[in-house]
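The following pair of complexes shares a single chain, subunit A, combined with subunit B in the former and subunit C in the latter.
Right after this comes the complex of A and B.
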């Protein structure tokens, strides 16, 4: 696979055929009554990976996490962790710890007692417990808060206590259920980097569940996009964004233009697609397609360019500026074509003035390169 | 629109509170009456409180009632709490809905029916009526109240707290003692107090299920009143009212203090 998103990854055990997965879900199904929360799912996760399960609510991602923690038992299939089949092992004997979405801090215990709780259950010596508590408190930069009770902490501090508590036992795998869901936007961005750094520092395998694609993209080594109890795609964040394997993934992750059409001609990798939006697309296809085949052409808004004057060449679409949204780093344009179809264009504001002046109802010309989008044959 | 104290509201208030508290006030005032006649005021005196102290019958009954209330409330609290935990935590067993319904049924059952059925039961199993039978009867009726109180607390308790405890290596038993019970403690105490007061003022069920030598205070008062009210009864009732009032005031103060502390904690958290 080519490098995508300007990132070179040196840590990629999933590409190594000889590597042994650390966690394996093998044909796992979880049924609640007649509802398949998780449907015949197989997945391998490697040691030291920061893995994200991404999906809308009800897609089965939390159920998958709870099965790994031991709160739910699979109806079918098995889960293997570090060579050991987890079937029948209760949650309190599994070498995994979980950070809960609500943090689940014990309100009747101080911060240090919360963190010491798991170590006490292990029967660890008192001195050793104190040492370990200090260590993880330092890790999350909360040394001075040891004696506070959870309701004397702010949301961000509670999140870090929860993290410290789940790391104190040095689990083989740390499970994070919507770890940043309860934080406000600013704090969430800071915490994303902290969490990534922490994971890099500890080399512990992290598995995170989230419905927030940005959270998954910024932190995870790999993302599994889930829908209706199944995994749709497992790939790095850049692959999920730049090379989605289906319309579902393309649409779920990020903003996208999807044009449906029929292949009119094929010359090697170069194909011409007649779209239902009323224009032709000349594109390079990474998958083999034949003339007459129905395909989707997936185009991210920031891969398009916008101009006020007509430009020559193929892949130029004319329309009317229908909507403008200014976000700061980018300005988003909705261009309405003559047949009513909308093309979304995001323009990066690389200069303060911007390259052009457009207003509502101006004529605009949208242009894109042959390799800007992705041909999906479904 | 502001709600001001209009004349109408003032009159409503006076009527309402008079209706509630006038009888009780009269009872308290006449407990300090010098006269033997309950309705004629003859000057302030504490003579009936001294008389009360020498009335063996009333003192014995009070002692029986107190022991009965303590024992039955404690046992009912243990059983009721266990039932509440079982019903709200182990949700996937057959007949749970039926059993949840059955926990509520005794709350609305007329006491006469409960008392009679218990009496028939004790006769059937040939158990002599006395302190044991009335204790069992009170346990069986008040444990439902405890279960309901504790269950409502458990319902509002974040399930993930217990999950977290188990995730951190606590066995189900350790989770119960280190996490669940400490968190539902206020509800357990409230359940105990409810059971205690239920037992303390029960007349109907006790009349059915107790035997000679185990007459409770409400039964004693009721039987004495039938022979004519003496100011001693007023005195004993005044003492009961005093005990209950102290309890209510104490509970309110404790609650107030907790709220003040919580407000302080929240301020502290906001300051970081």
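Right after this comes the complex of A and C.
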């Protein structure tokens, strides 16, 4: 499979066979009664990585994070951090800090006391504490708010205090539980970039739990997509998006067309698939498939082109404009084929006039390249 | 007042919202006015009557004091008979001072004892599985279903020399002679702690129960062992409940009459008993009223201080 780039080009320790993982989950299972929250999961995370655990609620991602923090003990398996087995080490002796989803700021303490709390537990000297508090407050740009109480801060400021507090002790690993979940959209976008910059600056290993794929994609070096206590795929954001390893990942991350079909012919990498949607697909397959095999063809809406007039060539589908959604930067079309199947197409509005003057119930022709989609053999 | 959330809060302040607030004004006045009226009629007016009597003189009459306000033409001369003699009398007699001090000491001690028992109780309840909490809460309130007086009498049966407690200790061979508990200060403490325990437990439970558990996890995460996390986080955050509970116990305990009278015997003279003696034995209503007014003053001052402090913090 061709390698799809990580965001930081010079940073890809997971590709290095000789690199030693910083954190290892080895066959970890967590059982609550009869329910396996985490099911025989193994995972390696490298030093300095910004790692995201992505999944729907109840997929076990938070349990995984809480086991690393020490709030839950694995039922089976072990967790190793920097060569040290964490079993039996209570949360207050672990070299990790967590930023809580609710922020969990101490309401009876000022911002600086909140941040100093962890340092005092270490028995750090008073002068040194003050220095460190100033330093992290500067890092999150809250210098002037040191004496405020949490209830005198906005949501965004509270988020920064929580971040500053969890960074103050310079943990080996920073755990972030839905770090941007409580912020509104605009603030969330800004904070995403800030958080990435901060991580790049500090070189601390960050592990984030999120249900928001956009959050995971914009910030993480690698994403682990989780489902029912297991990891489905671990890859860079671009790989997860462009080369999902399963229908589940393709469907969970981003918008997608999935066509079921049977391989009719194979010529080297070039395969022809007869789909149940009533048209044939000519595609290049990255996985070896044989004629007669059932496959799924996964096609992102933005990889398709739409036209009002017939276009020549293979991979052209004719249908009726069934739905149009205008988002501003893109317009999304739902094209209904003759047999009732829907094809989703996203067009970038590169000009102010929009891509096409198509409206509801017009005939439309959808076209895509041979390498636009992905053949998944299951 | 609760802070209104962002855009919705701002959006509600339209002309219609003001109209609603206008018609809501009357409703709000009624809602506030009814309890206000209640307090005026049943607390302020009786207190003023007591205060008036405390400024009067004893008389062999019905009612047993002068002046009384009958004919409006005599009001001015009646007013001139008011004096602070009763207060001077209280201040001059060591007996009253001793009774006040004893009452405050007993109230403070029993408040502390109640706190020491109620806090772990409330903590246990707040940490119990949520399915149990309602039951545990019911168990705390359950004693109220029996008359207070009957419960105090029950303690006499338990604590007296031939009572259940001594019988148990004798049976277990822990003592040879029955312990004298009834008619001592110890019995008063037992009675007060027992009777007022729910008033301490419930506010503490309320403040612990609504506490965000992630705060404790955050403290642990930042390197705080459980006991330290308790002292630095849980306890300070439960203080409003502790303070409320202490007032709910201290104030009635300071003026307590039934428990010291039934369990404490005749030698411990608390202020409630003093008022009773002045009223019914000496038939000196003015001095009894003055004693009561001074007690109210002693108890109101710390409340006022606390309230001002809380306002400044909020």
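Note that in this section the second predicted complex is superposed on the first by the 369 of 378 C-alpha atoms of A that agree within 3 Å, B and C clash if a C-alpha of one lies under 4 Å from a C-alpha of the other, contacts with A are read in each partner's own complex, and residues count from 1 in each chain.
The rule we apply is simple: a contact is a pair of C-beta atoms (placed from the backbone, for glycine too) under 8 Å apart; a residue touches a chain by one contact, two chains touch by 3 or more.
A quick note: this is a predicted structure, and the numbers were derived from the prediction, not measured.
When both complexes are overlaid on subunit A, subunit B and subunit C end up clashing with each other.
In the superposition on chain A, A:153 contacts subunit B only, with no contact to subunit C. In the superposition on chain A, contact of A:100 is made with both subunit B and subunit C. Contacts of A:92 after superposition: both subunit B and subunit C are touched. Once the two complexes are laid over each other on the shared chain, residue contacts for A:169 go to subunit B and to subunit C alike.
Of the two partner chains placed around the shared chain by superposition, subunit B and subunit C are both touched by A:71.
Taking subunit B and subunit C in turn and counting the residues of subunit A each one touches, the greater count comes from B.
In the overlay built on the shared chain, the residue A:326 is in contact with neither subunit B nor subunit C.
In the superposed model, A:121 makes contact with both subunit B and subunit C. Looking at the shared chain after the overlay, A:108 reaches both subunit B and subunit C. Residues 69-71, 90-93, 96-98, 100-102, 104-108, 117-118, 121-122, 165-166, 169 of subunit A touch subunit B in one complex and subunit C in the other.
Of all residues in subunit C, those touching subunit A in their complex are 212, 214-215, 217-225, 228, 232-233, 236-237.
Across the complex, subunit B meets subunit A through its residues 158, 160-161, 163-171, 174, 178-179, 182-183, 262, 265-266, 268-270, 272.
Remark: subunit A residues 69-71, 90-93, 96-98, 100-102, 104-108, 117-118, 121-122, 165-166, 169 touch subunit C in the complex.
Subunit A makes touch with subunit B in their complex at residues 69-71, 90-93, 96-98, 100-102, 104-108, 117-118, 121-122, 148-149, 151-154, 157, 165-166, 169.
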